[in-house]
């Protein structure tokens, strides 16, 4: 599913990623941990093609992301669900409009799309706010909308960056249960988090980054 | 220090704050908890004058915030340190430039300002990134810069909204210790958080909001 | 579902960003008005110099003793000249009448004379193509050779002046017109570009969830095209208003009675040009801006 | 520290947002060029009609039998008229010479005559203030009453035409000038407003940490003023270039030799006006925009 070969990303002062190599198979659930600034977000960005590594190669679903032409990237991203730390929502559009967008882009029929959106909004507990603009929502609510949008098109791969940072304990448990259900349905998950409870509860393979290096890779398959 | 009298804030669907009354004395440390969407952020915004309540009165340092003229608000805010959930940093300015800004606004001498900025950046563990633009920092790093900026001018009142949401356990402990030190120096703190560890560690009075109501107020002084 | 979605999206954008859109429309309209004022001034002045050029005449004086036959022969020959677009024969009697009318002062002179000393003549209106000094000289030389012609008169000065004024005017039109055209394009493109800059994040978010360039760009381009077309239409209305105002003003003055073709005109092509320019600029600028904003990989 | 900080901040903003700033400068420059082209056309045409108006003359014909004394008395009286700016006495002999020059054709007539039938005259150049039909009529009436004056001649048609053309032209200048001025203000204000919209968040953040309105606004206003001034300067350069181009072109044509005042002019006031307009518009628009953006309470 995902293979990184000696991937490095340097900035003027420091290396955000330094010779990172690992492989994630289809259907795995991998938790990415590490202190602040370890390179977790950079690693995810490199995988979905928002950053190009300085050295190394990345294969995602057998496509070389670093070499992918700009026009191919949208099609790659449609197979992924992405949750970022800074909620990337269109603030002037409603909750429904935001969540339905990936389906519109893929040309899903309107009735089918509506059903799926209502399902995921219910799963994250936000179905009662469908017609509110996301710009006025609370941080936790926005975070849940992002999760809903990432899973609405049943992605093959889910990349989530600290998806429970603004959620209380009870909601965190709910979201983790949701992710586990999605994983059980066959979605490969790569989840970056600081929350020790989430790490324990997800009970998957853990990759621990520190200053751009992989220092722990529990349960690596190779 | 802060007094709320029957404060309510309604939106078309729901009440973000519903008849909230409490009083925070000078030197107190109050933790605000509650599920996602309970109204914590709204409560803080009402206190620093970014939202005007629909009903009720708020006194902050004996000034009626709801009735304060627009021109007086900047001077009120200079006595406060504010950390918001969506990091409000100038992305094109460096870490140093961002943190020094409250001091520049208050006309603090350059040498004195430099010393204070270096101190707070060291306290949050970000002094080695002074000349990096904040726009490229990791989420946890940005969060720490926000905290540094909020405390750099030794505010009388510190309002912090989920200041550890993007920090790992070790850093969270450090930040909480920092806040406790600031509190010990006499700063009144109002801290909204989901993190149970933070609540335990801060060991202050806890106000629990639920759907805009105060449901628990442990250790209320009146 | 998607084409409809993109169109609806454009409409929503127009509504949501109505501040920016209004600014864009107003800027487009005003810029096109500036350009339009110039184009109309040019067309109307050109119209006017055309009328003036029609006034230039060459007078061929005929031998006072020439027979009727000779005179009609001269006229026949003159008709074959490509430079001559219209001929008017002025008899001796007509010449005397006109002289008395034109110079009442000097006509006292004629009273003391016996007979009519003035010659008959043929007045030739010239085609504008032959208005330069050289071809005119050659033409006059040729005509002078005809039997029965005593000499040929034309105002060298007036023709030189008009030739110069017209060429000066054309040069000015080209220089100023070019500058104004470049300004128009730049201003409209810049306005649309600026109004898209405020939506940079929107574009980034759409990229994140796998929208293709076309999917992102089409609503913006529709938006820009509508904006440009409305701006063009508005400028059309303003310019029409100005021209109508002058037409009324001048008709009321009564001065141009019967000379309707000297009233300011507003050619249909200009209307078309304005709206099309607005639309094309709106469309082109948004295409450039949106793809410019998308170039950054993220 | 703070005034310096605000100035440095403005400089940084100019650098960081150089894309927007460049767009603003170019738009300002081009808009002012459009306006400047119009102002210069107006000034130069006005200059030209002034020259033409100077050509209008009233001819006072004197009694052929009048004595030298009477003639000089008439001239003395005419000199007291405020409408008359210059007098030229044309004697009978001069009149004959000029007639022969002007009308070589008709001068044959004079050959058969005994003596000089042409009267002496005084040619009066008129002050432009008295060029309208009514005051001219009154003036002519007054002059006619003088002893030794037989009659007064002036070209009614030509004066009517010129009066109409000048008033038409002034009207056009006012209408078009107003529209262009409004356009200029709108376009420049809008461009600056749009370029500030992209920094809405910046303003919100500064408000959050207790910056006063002045602290936030001053760098933007400095920025806008510099932008406007540079735009104005740029437009000045372009317009100077155009005028110089025409001066050279026309000087080379040799046509205006000795009539230097008919060459296109570029008054100093226009330079000043352009740069000042740019600066004021830049300053004013940023003040309005930035306080508009700050009005929202947050």
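A, B, C and D label the chains in the order they appear, each numbered from 1.
Here is the rule we go by: a residue touches a chain if its C-beta (ideal position, glycine included) is under 8 Å from a C-beta of that chain, and two chains touch if they have at least 3 such contacts.
Values in this document were obtained by computation on a predicted structure and should not be read as measured data.
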- prompt: Hey, what chains does chain A share as contacts with chain C?
  reply: none
Task: Report back the single chain whose CA centre is most distant from the CA centre of chain B.
output: C
Query: Taking each chain's centre as the mean position of its Cα atoms, how many Å separate chain B from chain C?
result: 67
Message: Measuring centre to centre with CA averages, how many angstrom lie between chain A and chain B?
response: 29
Message: Can you work out the whole-Å distance between the CA centroids of chain C and chain D?
response: 23
- request: Averaged over CA atoms, how far is the centre of chain B from the centre of chain D? Could you give it in whole Å?
  value: 62
Query: Which residue numbers or ranges of chain B touch two or more of the other chains?
result: none
Statement: Among chain C residues, those touching two or more other chains are none
- prompt: Based on which chains are in contact, what kind of graph results: line, ring, star, complete or other?
  reply: ring
- request: Any two chains that touch count here, so list every such pair.
  value: A-B, A-C, B-D, C-D
Query: Considering the complex alone, what residue numbers of chain B touch chain A?
result: 11, 13, 33-37, 40-41, 85-86, 129, 132, 136-141, 144, 161-162, 165-171, 194, 196
- prompt: Inside the complex, what are the residues of chain A that reach chain C?
  reply: 49-50, 52, 70-71, 73-78, 80, 82, 84, 88-90, 92, 101-102, 104-107, 109-110, 149
- request: Note which residues of chain D are touching chain B in the complex, please.
  value: 1-2, 5, 16, 202, 204-213, 215, 297-298
Message: Residue numbers of chain D touching chain C in their complex, please.
response: 19-20, 23, 26-27, 30-31, 33-35, 37-38, 61, 99, 105-106, 108-110, 112-113, 117-118, 153, 164, 168, 171-172, 175-176, 179-180, 182-183, 186-187, 190-191, 193-195, 197-198, 200, 238, 242, 245-246, 249-250, 253, 255
